[in-house]
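This is the structure, below, for whatever I ask next.
Residue numbering begins at 1 within each chain, and the chains themselves are lettered A, B, C and D in the order written.
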Amino acid sequence: MMIIMKANCPKEQIQHIVEEIEQIGLKAHLSQGEERTVIGVVGDIRSVNREHFLRQPGIERIVPISHPYKIASREFIPQNSLFPLDGVKIGDEGIVIIAGPCSVESREGLLEIAQAVREAGAHALRGGAYKPRTSPYAFQGLGEEGLEYLAEAREVTGLPVVTEVMAPEQVPLVARYADVLQIGARNMQNYSLLHAAGESQHPVLLKRGISATIEELLMAAEYILSHGNRKVVLCERGIRTFETTTRNTTDINAIPVLKSMTHLPVILDPSHSTGNWQYVSAVARAAVAAGADGLIIEVHPNPEQALSDGAQSLTPKHFVEMVMQVKAIAEAVGRSLAPSKALASNVS
Amino acid sequence: MMIIMKANCPKEQIQHIVEEIEQIGLKAHLSQGEERTVIGVVGDIRSVNREHFLRQPGIERIVPISHPYKIASREFIPQNSLFPLDGVKIGDEGIVIIAGPCSVESREGLLEIAQAVREAGAHALRGGAYKPRTSPYAFQGLGEEGLEYLAEAREVTGLPVVTEVMAPEQVPLVARYADVLQIGARNMQNYSLLHAAGESQHPVLLKRGISATIEELLMAAEYILSHGNRKVVLCERGIRTFETTTRNTTDINAIPVLKSMTHLPVILDPSHSTGNWQYVSAVARAAVAAGADGLIIEVHPNPEQALSDGAQSLTPKHFVEMVMQVKAIAEAVGRSLAPSKALASNVS
Amino acid sequence: MMIIMKANCPKEQIQHIVEEIEQIGLKAHLSQGEERTVIGVVGDIRSVNREHFLRQPGIERIVPISHPYKIASREFIPQNSLFPLDGVKIGDEGIVIIAGPCSVESREGLLEIAQAVREAGAHALRGGAYKPRTSPYAFQGLGEEGLEYLAEAREVTGLPVVTEVMAPEQVPLVARYADVLQIGARNMQNYSLLHAAGESQHPVLLKRGISATIEELLMAAEYILSHGNRKVVLCERGIRTFETTTRNTTDINAIPVLKSMTHLPVILDPSHSTGNWQYVSAVARAAVAAGADGLIIEVHPNPEQALSDGAQSLTPKHFVEMVMQVKAIAEAVGRSLAPSKALASNVS
Amino acid sequence: MMIIMKANCPKEQIQHIVEEIEQIGLKAHLSQGEERTVIGVVGDIRSVNREHFLRQPGIERIVPISHPYKIASREFIPQNSLFPLDGVKIGDEGIVIIAGPCSVESREGLLEIAQAVREAGAHALRGGAYKPRTSPYAFQGLGEEGLEYLAEAREVTGLPVVTEVMAPEQVPLVARYADVLQIGARNMQNYSLLHAAGESQHPVLLKRGISATIEELLMAAEYILSHGNRKVVLCERGIRTFETTTRNTTDINAIPVLKSMTHLPVILDPSHSTGNWQYVSAVARAAVAAGADGLIIEVHPNPEQALSDGAQSLTPKHFVEMVMQVKAIAEAVGRSLAPSKALASNVS
């Protein structure tokens, strides 16, 4: 339910409505527009006496929300949410590219890739310190040591860091090192983790589960948003189907569908959604053509020696080509690449 | 198995090899390159005495083909196949757009749409006279009457006609009226129909089955190709998954995967692959960005009154916008729209 | 829409209603119960003047049907349809087992298997003369020669024959040799074939498409039923999912779902639904436990030498064991195996 | 890799081999048979000098394991693992039935259901105190209060308690109240939780993820087993497919497949795998017919008033009928229901 306040109604009237909402055990989310304020009401709406509210001063009208997700919906917040990331803004007109290795393997290797992706125009560095692996006997990541290397790579390159968090009790530690907490596909419905990420108020990159519906993805985002943490970016990373020539099936429909259903920024991970580096550039172009706000890409200098996901990693050389292609597509849809550190430093 | 002949080897040597192949009950498919000829050998290869062939004059080497599809594979025919369609060529550098109503409903309606899509830049007219419908009680198409309207629309607009054929015994009739025989998703593994279409030597647009793998699509094409009919264009039209916000899931990965596996032209049908007109333009842009050679689009002047598929049909106005957007994307990937009749007539 | 006539209303009144229905362009399907007759009305119901009909003599009430399938629904025909098959009845209390090779490979081989499955208690012989194969280069069946061998096997063993028909023009030929026309999964939405099978008035075994919904299966059956051919048995044969340890996923839910939605008999094909002979007996038991009316099973004396589907064929020895297990399950759910020829001949 | 020791080889030789294995950084898992001991070796096997080991006294032969899961495989432990549960043993000849409400809603309601399912023959009580819900606004369970009610219900009925744990830090608390820790489908790849459950050494019921492959389920079990916790029971609960008449698709194939791949007990949850109480009994019968070792069933006295999953809950009356039907099937496959508390108390 949304309460649309009258244009330029005084602050005290808004405050009064908020208090009324909280008195009956519900939550109020304020959304300040240029002219008017909208108050989102979340909770068991059946207890609301609609007539009572309509008699309060300052209220123009009351609008129901038809989706099970509320704060995530475009009905609730019509304008695009912008997700600030160290200078650039995800969700804004500029396309944002996050790149780096699947997992952090060594200090030197990470620094090398970080500098390569920065030079190619990436806006942020990705890399896993904690790795969710199907087998308990596979490489599980370097842990806190990996986080330290990521922090050092940020120091050196100026790129903000995106890295995965796998358990609620890891949230404070990872948040200390990372600019964005990534919640992986396997944990999309790990509600304890979603709560902890919401409470942290730290930016979150939320990946769609391998067989999650789009509505379930928005409901997972709602868990984070319901803690007042609005800094959430959604990531399509391929779904599981019967097709076997690719690791997953990129649900390209999800890009325009999500952009119409939610105000949150939407990016695509073509490395996982194809599972094969040969198809990454084509699907990256498709994503931006379809309206994605950004990309997250796996890059490795020697893919065949990577400890994980080598088959789907681009070399730095191919990554440079991909960035150029994506730039052309961005311009064809009336957008551009977000200003990059590489350009900034070249200019100075 | 492919036999690579020596550069500039004399015709008689090639002819001799072909005869040897046919003598042991196999088929030979010639592929003439600029410098050299490649002979594809199809059938039960186990009976071939490889040593014997290598001793024949003119043979450079013999290469096995690792896929169950042979003539459809890029190994067999490395260069893109071009699919001629009344002036334009599908599979060439220029993007080809096929547009029209889901089903032919009336003479006047069809002529109106045909002219609208021609003006907007479409290269061919689609429209179903025979409609495969899930329910026996639903509108099943106008039949031969619909074919006549299509022929008249071609007369008036100059647009070649693409229309569906549903049974082997319909092939001669439909081929008399249509420029391209469409084989629908439900019939992708209707082998009697594939045989009849192959034998007809008429151009064929083959749609991927709703849960066919990419390899099965290529095997279905192989049924047509094995009759010597090389004029086949493949069409991705969405696959069935668990996602419910869209009618199907567009398998955008299939575009670069098919382009790497086969020399046949590949187009996408975003009307069926999304099932919702609001997402058609975004997915059309994505398809061309990913490397598709064309699009097939449902257009209807009054979608809400269409007898079938109204929800996924663009109005002529939205179709014009889509064509403009696709043109920009085509140029961003170094291609263009194929020259259209509209432009031709405007110029004259 | 169903018109429920009054108990014991005279024939002329029923006839009058049927004429009224046909006068407005609709079809009437009579369903004669012990006490009363129900007239199913199929077509565009919106044109029916309900009040007018309620005033006619003999009508008790009019009931709408909420499903897109009509004649196939339990609402339309509440009691189980029985599907007669040379002495036994599919859909009755007794479980019916159809068994034989995937494809007819030779006269001797077929006779050997036919006698083996008869001795083990099978009620009908399966075997493909026309084989839908993914590859045009694979064994496509013996054609009419295979049909002749099947007819001879019926002569010798007394088992009725079930065999696949792949194209509308094959229907008369196959119907001349076979007791039941099988329509395979790939052709479940081959509407020309469904029409031809419906018109033939020959018994039909209709297999669910590899990714057809249960409702689509019922709609496909409706195509046959709408020609007045009520001798249709439905067959679950596994659906395509992401799971790879088995060829398909047996949708065991489909058994009770279909039994509640339709009056038609329902059988299961565990050979295709698992793709692995080791799991066939377990899934056959499950099917009967869940309420299936029968089974169709692939049996081959030397599975490793079969020209198709060897991996999923039972040896005659394993088939005997399966029949014994299924018998025990049938009794545990208050049913039994249908009386078999083997028992009949043993007794005499 | 498995080291098969000679029959009746002395303990010191076994101990020596274990030490050798640990010296090179690998783990040894002992499996004591009646005659001989098998030592499973887990870790990076490539570092093992096979010749060196074969020269040690007491070793008969060394067998590689071909699956990515090791301790979970039947190769590793050929005999069925028995999972003790307060008197009965899951995985043994007797079928075990776990029943109760989806979520614990009130003290009185829980006691009522607990007594009803005990009287009907259930062997354990299920009920969620912590509920993973798609929406943050839905009822999330009573938490520790719910655990207390479960403990009281165990006190009163003697039924052991199975309840879900959702986060690693909840494990000690839930383990204090529950006899079996349930890990839900959404958390099947929550590796932090799997580690915590493994370390707890508490019995674990592990549900298959909604789109997890069978191999991924076994890999998830391996995470628990690799901590030396062998008390794991696997649960098929339906997978996500395109079919919409049921909430999920019961993968009945998974029962015989799992029984052949692993020694762990396997049960089925027909309440979730169908999502509709009308189909629960049929699928419960199918599961036992296919070889399942048990069932977990949702029961609620007033399903239409349940706070969650009412549509798929059996009433106590229908549950009694289901138990009788399952008993008949168990006997038809040469098994029986495990001895129940109800029978025990009726006897005394």
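Operating definition for what follows: a residue touches a chain if its C-beta (ideal position, glycine included) is under 8 Å from a C-beta of that chain, and two chains touch if they have at least 3 such contacts.
These numbers were taken from a predicted model, which means no experiment stands behind them.
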Open item on the list: Among all chains, whose Cα centre is located farthest from the one for subunit C?
Closed with: A
Task: Pair from B-C, A-C or A-B with over half of its contact pairs in common with A-D - done: B-C
- [ ] Would you kindly tell me how far, in whole Å, the mean C-alpha position of subunit D lies from that of subunit C?
- [x] 38
- [ ] Calculate how many whole Å lie between the centre of subunit B and the centre of subunit D, each centre taken as the average of the chain's C-alpha atoms.
- [x] 50
- [ ] Would you please write down the residue numbers of subunit B that are in contact with two or more other chains?
- [x] 211, 240-242
Task: Complex contact set, residues of subunit B against subunit D - done: 211, 240-242
Open item on the list: Quick check: in the complex, which residue numbers of subunit D touch subunit A?
Closed with: 42-44, 68-70, 132-137, 166-170, 186-187, 189-193, 210-211, 216, 219, 222-223, 226, 240
Task: subunit D contact footprint on subunit C (complex, rising order) - done: 211, 213-215, 239, 241-246, 249-257, 260-261, 273-274, 278-279, 282-283, 285-291, 325, 328-329, 331-333
